[in-house]
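Some structures are shown below for you to check.
After this come two complexes, each holding subunit A, first together with subunit B and then together with subunit C.
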Partner chain A sequence: MKHKTFFWFILPTFLAMLIFIFLPIISVVLQSVHTPHENVLITVENCDPFGCKKVTSIDHEATKNLKQSEPLGKFVGLDIYFDRGHLAIENFKLIWNNSENIFSFIQSLSNLPFYKAVFFTLTFTFTVTPIMLLLGLLIALGVNSISKKLRGIVIFFSLLPMIVTPLIGSIILFWMIDSRGIIGNLIQWLFNDPNLSLKASTTLTWIMLIVYGVWHAIPFSFIVFYAGLQTVPKDQLESAKIDGANKFEEVIYIIIPHLMPLITFVTLMQLMDNFRVFEPIVGFSAEAHATSLSWIIFNDLGGETRQLSAAATSSILTIIGVIILLSPVLLRTWKDFKFKK
Partner chain B sequence: MNKTSSNRFSILIYLFIIIWVFLASFPFFWTFWGSFKVELDFFSISNWYNAVTGKNTFDTYKSQFTGAGYEGAWVQEEFWRSFVNSAIVCFFVVLTSLTIGTLGAYALSRSNYKYTFWLLITALIFRAMPPITLVAGYLPPFFEWNIWGILPTTIIVLVSINQPFTLWMLHSFFQNIPKELDESAKVDGCSQFQAFRHVIIPVMWPGVITTGLFSFLLAYNDFAVTAMLLSDENRTMIPKIAAFLGTTYTEGNVMFAVAAVVSATVPLFILVMFFQKKIVSGLTQGAVKG
Partner chain C sequence: MNLIKTPFFITSFLFFLIKNSFACEIKARVSVVGNEFPAIQTVGAGAKKCKGAEVKTNLTADHQKINVAGMSSEPAEYTSAIVANTSIVALLNNDLIRPLDDLVKKHGSKLKKNQLITINGKVMAVAFMANAQHLVYRKDILEKLNISVPKTYEEMLSAAKKIRASGLAKNPVGGAYKAGWNLAQEFNNMFIGYGGKHFKGNTPEPNVNSDAGKKALNMMKSLSEYMNPDFLTHDSNATNAEFRAGNVILMNMWGSRAATLTDADGVSDAVKKGMNIAGPMTVGGGNIPASTLFWDGWTVAKKISDAEAEATFIAMMNAIDPSIIKDEKVRKQAVWLLDGYTPTDAARGVFAAAKMNTTPYPMLPYAGLMHSAIGAEIADFMQGKENAKKTLSDIEDAYRAAAKEKGFL
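Moving on to the complex of A and B:
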């Protein structure tokens, strides 16, 4: 395709991404190194027959001028990155020096809001992803061996947890887990403890969120692996059977190697999606026990006081996290590209 | 393996699948059934079985089912407004995404220059970023120009943040269509755009519909961006439900929220029913192509 034709075809989508993705990133970077202006104060001496008093008041004129001349606010460099709400360098050092071992270090560190969110986000990402891969593979293998007539209906019901809006899915489960809901009742009965509530404990809240995450993500890996199973070469399976391989050996030595590219693909997509975990925390009203990076940004942006600088800083740190997470893939793609040249 | 143990094995498989199907679908049926009950049945302290029989519902309304929750949500709390807003947002997001997405993805699939590679990689990085990280960048200019809170702004933003995904998906569909098709059209005297419009698009329909389904889901399911960019009266369904939760718990109208949740799930149910094959093919498309 000629450069000129290409240009006109790509222009609308290019402009959309430039204006609403690229420029906002620049704006977020700028906001993260600026803080809103404080009011300019002015001290005047008022003298009356009883003596002189110094009065401090806001100089509205000067404040307005300052805001107009520097609309972004005061440049503060990386101060916001290092403050208590984000990387908290000073508290970090203090905790580092005072902690006796790695566990007490992590424990004290997780009292800081940013690290608390990082710990949950990473725990969520790296527990949900392997569990959903494994269960998705097992379900795909199972569905692949049941009667063909039943497969359509199984796939229909399997799609639901994924297609349904994450916020709605988590609210529905939250109502059932409520101590007056059916699952809550069941758990109280199983443990014979009428006061047991999943919402009250941090560990149980984390487990609840991870179970939701797995429930929501299984359909994706199941569907992709199921499609992959349809392309496993039949003759390889036949010859394995003749050689006396059992079902388990078939899976380990033939099916999994065949599915490997798909496993990489699903892992990559899931790492990306789980890293942005957010809706379940709102749906489960779990913010007292678990917060995530996306939740921190949302929390700063919302409410009466929109703390844009704080939100912008968390956003940049999150984007850096995503890039670190993606770096192996980006590196590989780049090498492939260079190799091709 | 002898016959009995292989039989036992397949029973285990069926059992496993039945458990999964139950886990995947039961919450929806339970909530759907419960949405026609009163709060004392839906959240029953005395006996969970009340939620099935609707004991308290019968005491209040002389019937085991009541539409009170739906009436409260749709009429009293004006959930229909959010429904209309969602419909408008989804319609325009899908239409715009597909229009600019097909043009862009077609160009990317038919060009071999270095910049196509970099455009696709950039789109991949954009795709990986959580959309909420961009919101801090939207707010100041939107307030400044007084375009915050209205539907058109949100539609354009949703279209743009979904473009990376749309481009990748359509790109892989376009690559399945042989290049000889546009070449022969051009030999017959078509311009590139005419070839695209009259030869490629008719062949591409299945791919376009599948991608359209996914941009619909992205727009319909979005919570973070719509909650931040829409004013209270312009809210779509999902942020409206989130706002319900805060107010209904205090007012004791939990059943309004339950009814609203069920109402927002029904369209998705119907979607899966009609487009199951398309959704499955869309999910596997990116995977199989790598």
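Moving on to the complex of A and C:
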């Protein structure tokens, strides 16, 4: 393609990315290195139906000038990145010095909100992604081998988990796994323990979230792999059969290498998606047991507190996390590309 | 029908029509955001009765997540936010609501003085109802087991023990202990009950790492042993559902939810007839109840035109017109602060709370930060992952980090 044609071809995409992705990220970076100005506090008398009382309040007149001269707030550099709500450098050092072994170190570290969220996010990402890849591939192989008449209906049902909105799906499951719900009750009966509750135990909550994550993500990998299976060259499979390869060897030596680019693609997408895990935590009301980076951002932005700078900092840390997570896959793709050239 | 009566009927009917359609005439748009419990639904519907311009309402449990953003734009999307003494703070901190003194003088003749929320001498909100958490219990079960109505949390614990032993309920205690806002609110109640102060004097310095804090946490832990094991996921809706199902016998519940608690479909007669309300409980031998007083009221946005502000004020005044409590259904929805209100049976709990000098929730600019720090940190303690001392120092650390960021420390 000529450079000029390429330029016009890419321009709309480029502009959209600039306006909707690049500029917002710049503004988030700016927000994360600024905090609101120090509030001038005064004591005033407030009255409500229950009587009058002297309390502390913000002096808006006094704070106004400061706000107008520097509308972005006070520049604090990386202070928020290092505070207790985020990387917690000081607490980190303290825990590092006081821990006897790696287990107590991890345990103490997971008391800090950011690391607690990182541990869950990483566990979720690195369990859901491989399980989902494997199961997706198995379902695709299964569907591909059943009679053509049945395939349509099987594909439809296999896709259902992805059609259900994540938040709705998790709320429905939330009530099913309740100790009085159908699944919760069944598990109590199976283990013969009437006090067993999925929602009361951290380990079980994590397992439940992971199972939900897999359930929700399988259709995506399944449908991509199923499409890929339609392009597997027939002659290769036939010659393998003649050479005496069994079904398993066919999958390992022919189908998987053929699907490799798709597997890379699905892995990339799912690593990103799972790293941003959010809806199931809200839907399952699981915040007492598991939090994720996205959940921290949501929590900081909502309610009465509205910690914009804290949320901005968590967002930037999430972006950095995604980049670190994807770098091996991206590097590999880049090497492949160079090698082919 | 004779000839004299007919025109009389027609005129009185016309008069009725006119009176209703012109009862509330506004000239500019009104848009209300607020919470969604029954009394606020009534107020929202009342504002919508005004004619002459568009009246929109957005009543949702997520109102706190949207009201600041919705009132920050120029002009503000919401001309009024229905708030409580907790949620008004965010609006005050961001300077988003206007003083109402002029409008009160012009249109507020029906307001009582104690409805006016004044901050530094300026009226910033108009309250229409009071709210507090108090005891809701099953009279039939307590009578059956010969247990007197608990007046303290210690009595609640021993009652729970007896009920469990009797086999009438496995987990007889209920409470909105969902991690986050609800759990923190229960801690606040208990902490105040033990005489705790959240802050050092009039400064934003935290003060929860104290003896009162430790006792409050331990009491909550003891109570939770008599709750459904899923208690960290139960908000007040889920707790009420447990009560309706007959699983919960004793619970600390919001007055605003108590009146309509058993109105839902499928509630058994035993629960309907057995439900009863009492005042808030004290704890640790203290005489201040382990509860907090709340008011709910409405505000008017700052970043709107004066005409819109006036229209909003008129519409909201119409919504809380003292005549609304003539309807028995509305009257029992809340403890109304309106002129002519006499308490219903459902209001006993909140009235007792007010009479027992329950502490009002503090309208402090940094109270919300403390609340969310508590909500995030005590879940670990409730699960037995760490001790009370560690949790309390975690709360103070989390609060300090947030307060530093927001420019309070």
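Keep in mind that, in the parts below, the second predicted complex is superposed on the first by the 284 of 341 C-alpha atoms of A that agree within 3 Å, B and C clash if a C-alpha of one lies under 4 Å from a C-alpha of the other, contacts with A are read in each partner's own complex, and residues count from 1 in each chain.
Note that in this section contacts are C-beta pairs under 8 Å (C-beta built on N, C-alpha and C of every residue); 3 or more make two chains touch, one makes a residue touch a chain.
Treat the numbers as computed from the prediction; the structure is a model and nothing was measured.
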item: First, second, both or neither for A:I95, with subunit B first and subunit C second; value: neither
item: Touched partner set for A:R306, first subunit B, second subunit C, both or neither; value: both
item: Subunit B versus subunit C as contact partner of A:L41, first or second or both or neither; value: second
item: Which superposed partner A:D178 touches (first subunit B, second subunit C, both, neither); value: both
item: Touching partner for A:M132 - first (subunit B), second (subunit C), both, neither; value: neither
item: Which of subunit B and subunit C A:L229 touches, first, second, both or neither; value: neither
item: Dominant contact partner of subunit A by residue count, subunit C or subunit B; value: B
item: Contacts of A:A140 with subunit B and subunit C, given as first, second, both or neither; value: neither
item: Subunit B versus subunit C as contact partner of A:E287, first or second or both or neither; value: second
item: Contacts of A:I80 with subunit B and subunit C, given as first, second, both or neither; value: second
item: On subunit A, positions contacted by subunit B and by subunit C; value: 178, 285, 301-302, 306
item: Subunit B contact footprint on subunit A (complex, rising order); value: 1-3, 5-6, 9-10, 12-14, 16-17, 19-21, 23-28, 31, 138-139, 142-143, 145-146, 152, 154-161, 163-169, 171-173, 175-176, 178, 180-182, 185-186, 215, 218-220, 223-224, 227-228, 246-247, 261-262, 265-266, 272, 275-276, 278-279, 282, 285, 293-294, 297-298, 301-302, 306, 308, 311-312, 315-316, 318-319, 322-323, 325-326, 330, 333-334, 337
item: Touch list for subunit C against partner subunit A, complex; value: 62, 64-65, 68, 85-87, 89-90, 92-93, 95, 114-121, 127, 130, 178-181, 202-204, 228-233, 235, 293, 295, 337, 354, 360, 362-365, 368-369, 371-372, 376, 379-380, 382-383, 386, 390, 394, 397-398, 400-402, 404-408
item: Residue ranges of subunit B touching subunit A (in the complex, touch as defined); value: 1, 9-10, 13-14, 16-17, 20-21, 23-25, 27-28, 30-31, 42-45, 48, 51, 99-101, 103-104, 106-108, 110-111, 113, 117, 119, 121-130, 132-141, 156-157, 159-161, 163-164, 167, 192-193, 196, 217, 220-221, 223-224, 227-228, 238, 241-242, 245, 257-258, 261, 264-265, 268-269, 271-273, 276, 279-280, 283-284, 286-288, 290
item: Contact footprint of subunit C on subunit A as seen in their complex; value: 35-39, 41-51, 53-58, 60, 74, 80, 83-85, 91, 111, 113, 174, 178-179, 195, 197, 199-200, 202, 284-289, 299, 301-307, 309-310
